[in-house]
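Both of the next two complexes hold subunit A, though its partner changes from subunit B to subunit C.
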Partner chain A sequence: MNAPFYKYDIFSFDQSLIIAFIIGIAFGFFLERAGFGSSKKLAAQFYFYDMTVFKVMFTAIITAMLGLFWLSYFGFVNIYLIELIPTYVLPQLIGGLIFGVGFVMGGFCPGTCAVAVTTGKIDGLFTLFGMMFGIFIFGEGFPLIENFYYSTNAGELTLTEYLNIPYGVLVFIIVIIALLGFYGAEILEKKFSKKYEKLAR
Partner chain B sequence: MKNLPVKFSTNQKFAAAALVFGLLAALVSFTKSNNNSDLDLQQLASLVENEKDHIDATELADWIMQKRSDYILIDTRSKSDYNEYHIPTAQNILLQKLINENFSAYKKIVIYSEGGTHGAQGWFFLKSKGYKEVYFLRYGLNEWIDDLLFPKVSKEMYESNSEEYQNIARKAAFFGGEVELSDSTNIKTKTYRREGC
Partner chain C sequence: MFKSIKEKKAEPFMNPYKAGIGLGLVLLLAFVIMGRGLGASGAFTSLVTAGVNAVDSVHAQNNGMYSSYIGDGKVSIFKDWLVFEVLGVFAGGFISGFFARRIKKDVEHGPRITNKKRLFFAFTGGMIMGIGAKFARGCTSGQALTGGALLNAGSWIFMLAIFAGAYAFAYFFRRQWI
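So, the complex of A and B:
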C-alpha cells in the first residue's frame, strides 16, 4: 500500500473529485459538530473565554502530523510526494493579514461560513457573499498584482528544512507546544469566562 | 487501569498518547540515519522518479509570457552558442561556473542545455548545494525549438483552427517561430536525438 494514492494513480482525477467531495462533507460535518457554525463560538476565541477553535485546530494538526510521521516512517506514505503550497513570503503575509481582518469582521473563516449557511445563519450568508465578491475582485484584478503574487518565492519550504532540525525532533517540539497550548488555553478560559459571563451564554 | 490511584480524563489520555508518539518520533530520527551527508538521496530519487525534477518547454514559455519574476533561467551552453540563440530571459552560465555561483534562495532555477543531459547534471549539482526548487528543461533547447518555436501540427488540426491550435500558434509567434505542417503519420515519430547534450 502506497500513499499519496492519487500520486500513485490508485484513482483517477474524476474519482479524486468524488473523494474530495466526501472529505469536504466530512470536514463540514465535524466543523458543525465542534460548534463552528456559530460566529459567537468563533469570536469567543478572540476574547479567550472559549478556546475550542484553538483546541480543535491544534488537535487536528498534531493528529495529522503524528499520523504522517509514523505512516511515512513505516513506508506507507511517500512524504516527498505530498503536494506542498510553495511559500511566497510577502504575498502570503499580506494574504494572511487580509484573511485575519476578514475573520474578525465576519466572525467566520471560509469553511465555517459555508457551514453556517447550511444551518441557516444570516451572518454566515453575508460572509459567504463577501468571500465570493473577494474571489471575483481577486480574479479580475489578478493581472495587476501578478508580479507581486509571484514575488519572494521560497519554494516548498518546510520547518525541518528551514530550521535544519530532524523531522522527528520537530514533531516532538510541536507536540510539546500543542500540549502547553492546551494547558494555557484552559487557564485562559477559566480566567476570562467570568469576565465575559454574559457573552458566553 | 481501573486500579490507578489517579483518574485520567479522556483528554489527558489522548494528550499522553500524543506525547509518547512525539517523543518516540524524536528518538527514531536520531537512530534511523547514519548518513552524515546533507544530501537526501531518497528525496532526490523520489523527485526524479515522479518527474518533479523538470519542466517542459510550454510551461517555461508560459512563465516567460507572463513575465514572471520568480525564476532564474540558465543556459549552460558555450558563449558563442548562447550569442547565436538563447531562450528569452536566459543568462549564460557554464556548468563549471554554475557550481560556484550563488543564487537567490527565493527563486526557482531552471537549467537547460542543447539536449537534456547537461541540464539534468546541472540540476543535480544545484540540488546537492541545497537549492530547493531546481528544474531542467527536459529535452533542452531541442525541445524548445521543436515543440515551441516550430511545432509540427497535422493538416486536420491546422484546418480545424481549434483553440488548441491557436494556442500553439500564438506561443510560436510570440517567440518568433511559426507552426509547421506535417503529415499526420510522422507526428509521433519525432526524436530528440540530436548532437550535443
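So, the complex of A and C:
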C-alpha cells in the first residue's frame, strides 16, 4: 500500500475535508481527556507542580515519531511526501518566545482554547477572541514586518539533515531524552506540588 | 446545592502518558492518511481573513498574509483542511467533556485574582500568543507537535523558545495561577 494516501490521490480534496473533521474530533477528544481544557492545569506546567503538558506532548511526539519511523522503514509510508513547514530561524525563535509569554499569561494555546470553549470555560473564550485579535494585528502590520517574516530562510530542513545524524539514531536519542525528561518531570511534580499544595486548591 | 451533591462528579483526567499515546496515534494517522500533521491557529487565521475580506476585499488581497489565505478566490476561504479539522476539535472536545461530565461554565484562575482580571489576562495573553503563532507559521499543534514528530528543525526551535519564553515570564503571572 502507498501512504500518505492523499498524496497518492486515493481520495479527493472534498473527501479529505470529511477526514479532517473526523481527525479533528479525535484530536479534540484527547486534548480534553488530558485536561487541556483547563487553563490552570496548562499553566501549572510553568510552575512545575503539574507537568502534564510536557508529559502528554512528548509522549505524543515520540509515539508519532516512532510510528512514522517504522512505517517508513518498512516502506509503507513515503516520508518525503509529508508536508514540512519551512524553517525560518529568527521568526520561529522570536515567534516562540512571544508565544510562550502569551501562553503563560492567557493559559491556553490555540487548540486548547477551542476545547476550553466547548467545555464552557469563559477564560478560554476570551483567549480565543484575543488570539483572533492578535492574528488581525499581525495581518494589519504584516507589510511592516514582511522582511523579517521571510528572513533567515533555511528551507525545508530536518534535524537529521541539520545535525547530520542518521534518522534512526536521532529517533533513538530523542526517545532517551524524553524518557529522562519524564523521570525528571515526576520528581519535579512531587517536589513542587507539596510546596503549592495549599495554594493550588 | 443539593442537586449538585446528587449529581455524579466529574471524572478525573486521563493518565497523561495514555492521553499522549492517543494524541500521538491521531497525529500518526494524519501523517499516513493525509501526508500532513495537525493544526489549530491556521483555521483561526482563515476566519480572521474571511472577516477582513468581507469588510474590504481590496485591502485583504493587497496584503501578503491575508492573500495567502484567500488563494485564487475561486474557492471559499472556509473550504480548507484546517478549518474542518478545527471544527472537529470543537466537537471532539465537547464529546469528551460531556461523557466525563466536565461541561461547566467557569472562569479558571488561582485564589489571588478576580474573574475580571483573569479575563483581561486571558484576552491579552491570547492576543500575544496569536501574534507569536503567526511569526512562527504555526502553533503548538502545527509546529511543536507535528513538526516535533517530523524532526522539523524550525519546529524544535519554536518549541524550545515557547518553553523558554513561558518559564522566563512565569514569575510575573504567578498570582494568576497559584
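As a working rule, the second predicted complex is superposed on the first by the 198 of 201 C-alpha atoms of A that agree within 3 Å, B and C clash if a C-alpha of one lies under 4 Å from a C-alpha of the other, contacts with A are read in each partner's own complex, and residues count from 1 in each chain.
Here is the rule we use: a contact is a pair of C-beta atoms (placed from the backbone, for glycine too) under 8 Å apart; a residue touches a chain by one contact, two chains touch by 3 or more.
This one's a predicted model, so the numbers in the text were calculated from it and none came from an experiment.
Student: A:114 in the overlay: touching subunit B, subunit C, both, or neither? Say first, second, both or neither.
Tutor: In the superposition, A:114 touches subunit C alone.
Student: Pick one for A:127: touches subunit B only (first), subunit C only (second), both, or neither.
Tutor: It touches subunit C, and subunit B stays clear.
Student: Figure out whether A:146 sits in contact with subunit B (first) or subunit C (second), or with both, or with neither.
Tutor: Both: A:146 reaches subunit B and subunit C.
Student: Who does A:22 touch here: subunit B (first), subunit C (second), both, or neither?
Tutor: Only subunit C; A:22 stays clear of subunit B.
Student: Specify the partner with more touching residues on subunit A, choosing between subunit B and subunit C.
Tutor: Ranking subunit B and subunit C by residues of subunit A touched puts C first.
Student: Considering only touches as defined above, state whether A:184 meets subunit B (first), subunit C (second), both or neither.
Tutor: Neither partner.
Student: What is the contact status of A:166 with respect to subunit B (first) and subunit C (second): first, second, both, or neither?
Tutor: After superposing on A, A:166 lies in contact with subunit B but is clear of subunit C.
Student: Considering only the touch criterion stated at the top, classify A:175 as touching first (subunit B), second (subunit C), both, or neither.
Tutor: In the superposition, A:175 touches subunit B alone.
Student: Once the two structures are superposed, pull the subunit A residues common to the subunit B and subunit C interfaces.
Tutor: Common interface on subunit A, subunit B vs subunit C: 7, 62-63, 81, 86, 88-89, 146, 154, 157, 161, 167, 171, 174, 182.
Student: Residues of subunit C touching subunit A in their complex?
Tutor: Against subunit A, subunit C makes touches at 13-14, 16-17, 19-38, 40-41, 44-45, 47-49, 51-52, 63-66, 79, 81-97, 100, 102-111, 118-119, 121-145, 147-170, 173-174, 176-178.
Student: Under the definition above, what is the set of subunit B residues touching subunit A in their complex?
Tutor: Spelled out, the residues of subunit B in touch with subunit A are 11, 15, 18-19, 21-23, 25-30, 32, 42-43, 46-47, 50, 66-70, 105-108, 132-133.
Student: Given the complex with subunit B, which residues does subunit A contribute to the contact?
Tutor: 7, 62-63, 66, 69-70, 73, 78, 80-81, 86, 88-89, 146-147, 150-157, 161, 166-169, 171-172, 174-176, 178-179, 182
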